[in-house]
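You will see two complexes here that share subunit A, one where it goes with subunit B and one where it goes with subunit C.
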Partner chain A sequence: MKRWVLALVSILLIFLLSSCGGRAPLEDLTLAFILGVDLDDENNLTFYELNPVFHKGSKKGLEAYEVRAKTIRDSRRIFDGLTTGEVVAGKIQVLLVGERVLEHAGWFSILDSVYRNPNFSMNTRVVAVKGPVSDVVFYNPGEKPELSLHLKAVIDKSYDRTRAVKGTLQELHREVYEKGMTPIISEVKKEKKLELSGMALLYNKGKYAASLDVPESTLLLVLKNEKRHEVTMTIPIFPIEKENNIFHKNELSFQASRVKTKIKTGYKKNAFHFDVKVNMTVNIMERIFPEDKVKKAELVKLIEKELQKQFTDLIKKIQKKKIDPIGFGLYARAYHYEQFKKVDNDWGKALAESDINVSVNVKVNAYGAVK
Partner chain B sequence: MVKHNKNQITLMQYIFLIHGVQVGVGLLTLPRELAEIAGTDGWISIIIGYFLSTVAGLLIIQVMKKHPNGTILDLITHYFGKWVGKIAALVFGLYFAFLASIIFIRECLFIQFWILPQTDMFILMLLLSIPTYLIVRNNIKVIARYSQLVFFMTTWMIFFYFSPLKEAHWLHLLPVVKEGWIPIFTAVKVTIFSFIGFEIAFFLYPSLQKKQKASAGFIIANTLTLLILLTITIVIFAFFSPDEITQFKEPTISVLKIVEFKFLERVEIVFLSFYIFVISTTVLPLMYSTVFCLSQLFGAQNHSKFVGWYLLLNLVYIMFITQTFDRNDQLSKLVQPISLFLAYAFPICLLIYVSIHDRIKGRANL
Partner chain C sequence: MPFFRRYKKEKKNQLSIPKQQNMPSQNLISSEIVENIAEIQDIFSDTPDLVVKNFVIKQINRPATLVYLSGLTDKNAINNDVLKPLLFEVDKENADLEVKVALGQIKETNTWKNIEDAILQGNSVLFIDGRTVAYQFDTQGWPQRGIEDTSIESSLRGAHEGFTETGSSNIALIRRHIPSRELKIKEMTIGERGKIKISIMYLADVANPEVLQELVNRINKLKVDFIINTAALAEYIEDNPYSPFPQLFLTERPDFAASEIFQGRIAVVVDRSPNVLIGPVTFETFFKSMDDYSVRWMAASFLRFMRYFGFFAAIFLPATYIAVISFHFEIIPLKLLLSVGASREKVPFPPFIEAIIMEITLEMLREAGVRLPAKIGQTVGIVGGIVIGQAAVQAGIVSNIMVIVVALTAIASFIIPNYDMGSAIRMLRFPMMIAASLFGFVGLTVGLMTLIAHFVALESLGTPYGSPIAPLRFTDWKDLFIRFPMWSTVKRPESTRAIQRKKANPKLPEGEENW
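The block that comes next holds the complex of A and B.
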């Protein structure tokens, strides 16, 4: 008797197990790999979605859709009507944000669903698109692997070579809320081919402020102390007349094996002071000019001078825009909390008024295998 | 009277039982609650809470030393008489019952929100109730073994938290003591509840084999809890910006959303699934204490019937009243003053009374 009751109860319980009912075979799902947000000419929100097709009959491996909807969640309703399977958002690799969207402050709030819904991955890379998002989503790289993989690989590789930020949803969230810094995301553009064009610097509410090209992005990341596996720069060592310089005979490339940026803070006369010290140990990878052109001792000085100029220019550009992608505000808060608290609602302005000095210290480790 | 001699627990089991009861659902929201009050200085409040709870726990053990072969209920009966003992059993029983229910329901709410959003709460609770019943109907020794097993089964999970450290910004923790000490002391009102659960020492003491080690064991258990709370809180404070952390309801889970392996995504779900075990080491001893008190109250020999009724009551409760995080929060706010009294104030009062009583009695005997 007791055994029967036990058996009956066990069988009943097995039916209760939740995983038996809601099974979802991969073929029946539409996994969104890329989600795009843009505005059309009449400022209507437009959403793009790119998903792989698993059906045997299909020739193209990918399909892309463009819909007009009110919000991200609302767009799912329309995507569901267009695709074969249920649209699933958990695997979005790249979130593309169009230039026209970035021009409006407060665009960040349309991402609310992404943060509120636990199904979304926080590692989705947020990428700004210079130009319309449709150019990227409907772009068919042909020989290359599928677009979302390609785009993600481009970002990740550049991130490893200290040329781009990963710019995940988590990082973006942090940078938008953090008062002591402003957000950065990587930027791509599609002209003939799709390429990484650098970074987009945003104001605190997410509005577009400025773009950096790839070499400037490296400089910025060095200042942020975010050196990854490799830092390579190519810089001019001495000025040269334009017409004689087909082969850029004034350039030098190096790879920095050690980069350490120290930021010291001070507060004097109602303004913040930042002392930025960049220490680098470099290996020279390329020297186009002949050896006797510059003496060894002088060479290091010239590298330092050129780098210092580039860093200073970059910081001036940032100060002019009243943004703080480097995060000087974090240092200000940590070491001058009371003064920072007074200006934290408009930190960009306070940074623009503060005094930033950059000094560069270069040590050359190796000059290469040839003289 | 329940016999304690047969069901003795070792020092290790005693440590993990107390530690297990302390660490549970609270840890999931603790960093946010601290940040709301004290910003990134909240970790200092944890240390203050640790000292307060250690003192309270040591007082409990001092009280229990006066009557080493019985639980707190026997002690109260011994000093105050049978009826006061019954009232104490009722008070402790109801307190543990409410505490266990609130945590049990909260556990289900977390599972439902993060892992199984489509599943009915009733089914989740029913499924959890079955293993719960199978363990809690046994004696304290089985529960102690379970706590020990779960501890060793789940300690590795702390390593998940070293992964977000790659993106940590230690500058967030500076300056220490940003806004003065007042917010830090205010936040202690959150952290003393993070250590709540040690009051089961009132019931564990008679079962402990080596009673001379009770204080040391308690301090080890409490320190273990401190280390876990502190590690996770500091990781979270270094990872999230102080301006954004209050945006996340359960930062302890949210922080894991960025951890990703080649072969595994959404680590937070794996984490939370294992964390159910950790929560169970809070719920099960509390439920055991509930039914222990009830069986004492009714003078019953066997408490397994009470376990069944208690779980059934819980199921009926959630069947008829829709559970939300807000309601759960309100309920736990209601229980907090009782916790504060039973775990912190009560041992002090009791110790003073018992000491005076013994002294007077000692004089009378002269």
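The block that comes next holds the complex of A and C.
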């Protein structure tokens, strides 16, 4: 009997419990899908938020807000005043950072709330915006799926085709605090349409250093040994002979089925040496010029030569900006710790002074189904 | 709690009142037939179906009386095999003047208690003037149902005969599967008024004597008026009456009962009940079906996996839905989140209320369908499917996703082959839903842990219920999730505590019996 009474009383007590405080059913929440950070003309921090609207009456199914606030957390207060439900951060897909923000060195610290507050998802992709963030947030493609889905899909697909980095909050955090390398994030721009423009290379504190276009991004990722499902390049094989080259009759496209980059390090005469070896097995996908133009044996040489040139150009560009998105510093630290330790606070400069050689070794696996 | 205490006292007092019991007379019968008839009529007063037939036995030329209950006896047997020879036949060579009837089973008794019991069980009793023994003829015959296909535990390819309400024929059905002298039957009678015959069947050289003794002791301890069927017996003797899980297996299939006896388990046949009780059982027994052994092992294993998946889905799916919608929206993939959000938007209730509405509706629909005649039963399906399912969503009372969850839950619980386990699972999902609505996944985890803790502690006839999972016994896993091919299973499961673990198998060397 006593047992029953105890059981009954405890069940009743459980029913009376007010339960966890953070409880609100899904439909009562305003799920932020995109969060944007930008500076306006007077250098005031501006935050953008885009969330879906489940209500049947809404035509677009989306709403976006722009507010001026002191911090990300502070912006939530204002968003809450604007939206129907409680604004929650758990599903932020994309964090957009404006060009103007990136130009200031200390911008990374405003993301503190994102890392400190466990409600934020670490899988949020951080994307730089060339131009104002508002152009992207208020962009309504109409015929495309919902903006956050679209943007995330563009980034992820490009990542799988080795054209962009995922740039999640977690990766960014590591790259910012890693002395042996500098951060990279993907970059989008909105001209007529929203498109992926490549990558933004940042200094160690997060300040903007340079932009890479999409083909350069692929080269960079190959050097980083971060080949994903597919690496495709289209390169010119020989200089154009005639003036009239509407159909680019000197181009060749290939898909690399195996890409392996090896970096060897050395330290001589107060400078680091890096020997970068890129081994590729490629399948030729496209060859605009006729077969007899270039012999097969020669073709491989030409591809190697062109690639080597492109890699070298890229590395020069990086050295010039005194950044290290490839992560040479990681190798230097691993093999020449003492020397690296001396320069680790200004690694970019040390890298700029070091000597980097690139050699490309291409093996053609298949020339395609036609002659 | 003074109120409760008082109530308790009163109850005790009630119990202490001595039971009024019609104690049958222990006296012996008299040699005077007139006295005997008077005694019989005294015992069976107000019994219109009692037949007292007075006649003279031709053979010995003495008055005699045949007494029986008309509804419980086989008229043919009485008329042709008892009365006819006694009334008309004379056998000069029969010097001992024995009673000659054309029946196999004749018992002699002389106590009134035995006579009374015999008559009540459908025997006919013959008193002969001048003798102090009465003859008891096995003339039982009552309205009987034929052997039909099983209704709950139906099978596609297994045998299509089910137990009936007659204990003796149920025993025969099992015995047909086990033609062995080692098949022993312990018979006992329980129920002070009901006098139910109970037959405990086991293989003497396989079943564990301790387990058997435990079962016999528990049945012997019963002091009840009657038990109405096997399920009632199971309820009286099971180890933990407060558990939601059934701890003894009720089957209506002779082939299943026989195969379990072969494994070293014990079957209890209860007269007047079409179910046979099997013990000791383990949790996994409730996820087996006879069809597992009549299809090829890969198909059977696949179905087993589905059942275990169904078990978890039926308990946790609605609870997970509630937890996810109320607390953990982060784990929903983005696209699903959009469609869930859109369908939840119209619903005015919190997820818990929404789920309770649908789950209760489902349970009511199911219960309504079970008791209704088949023709009306179809209507229930239409009402449930169309009216509730579709209209409720259109009216915005529940969301589309909830309907899917409820439907999945229902299907998942239908996949459990055993009815008792199925009902347990149907019930268990409600506490889980409450826990999930209060604390989300934390509540769900606490619920799961509680369930596991309880499961591990359970016993069936003193043997661990969770075997071979909770006491981990890998040799028994051959018939757990994957049903290994029959030829590879050479040992009886350890959970039966069989004294002879090795099954007859030519592949094994001799002399390794007590494995």
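One rule holds for everything that comes next: the second predicted complex is superposed on the first by the 353 of 371 C-alpha atoms of A that agree within 3 Å, B and C clash if a C-alpha of one lies under 4 Å from a C-alpha of the other, contacts with A are read in each partner's own complex, and residues count from 1 in each chain.
We adopt the following convention: a contact is a pair of C-beta atoms (placed from the backbone, for glycine too) under 8 Å apart; a residue touches a chain by one contact, two chains touch by 3 or more.
For clarity, every value in this text was computed on a predicted model and none was experimentally measured.
Contacts of A:Gln93 after superposition: subunit C is touched, whereas subunit B is not reached. Look at A:Val5: by the touch rule set out above, it reaches subunit C but stays clear of subunit B. Looking at the shared chain after the overlay, A:Ala105 reaches neither subunit B nor subunit C. Shared-chain residue A:Phe54: touches subunit C; no touch with subunit B. Within the superposed three-chain model, A:Ser121 lies in touch with subunit B and with subunit C [touch as defined at top].
Of the two partner chains, neither subunit B nor subunit C is touched by A:Ala271.
Of the two partner chains placed by superposition, only subunit C is touched by A:Glu27; subunit B is not. In the superposed model, A:Arg174 lies in contact with subunit B only, and not with subunit C.
Residues 17, 22, 90, 121 of subunit A lie at the contact with subunit B in one complex and at the contact with subunit C in the other.
Contacts from subunit A toward subunit C in the complex involve residues 1-2, 5, 14-15, 17, 19-20, 22-27, 29, 31, 33, 52, 54-56, 88, 90-91, 93, 121, 146, 148-149, 152.
Across the complex, subunit A meets subunit B through its residues 13, 16-18, 22, 90, 115, 118, 121-123, 168, 170-171, 173-180, 330-331, 333-335, 337. In the complex of the two chains, the subunit C residues touching subunit A come out as 1, 4, 7-8, 325-327, 329-330, 334-335, 337-338, 340-342, 344-347, 350-351, 434, 437-440, 442. The residues of subunit B lying in touch with subunit A in their complex are 113-114, 116, 118-119, 123, 126-127, 130, 167, 169, 171-172, 174-175, 178, 240-241, 243-244, 247, 254, 257-258, 260, 265-266, 268.
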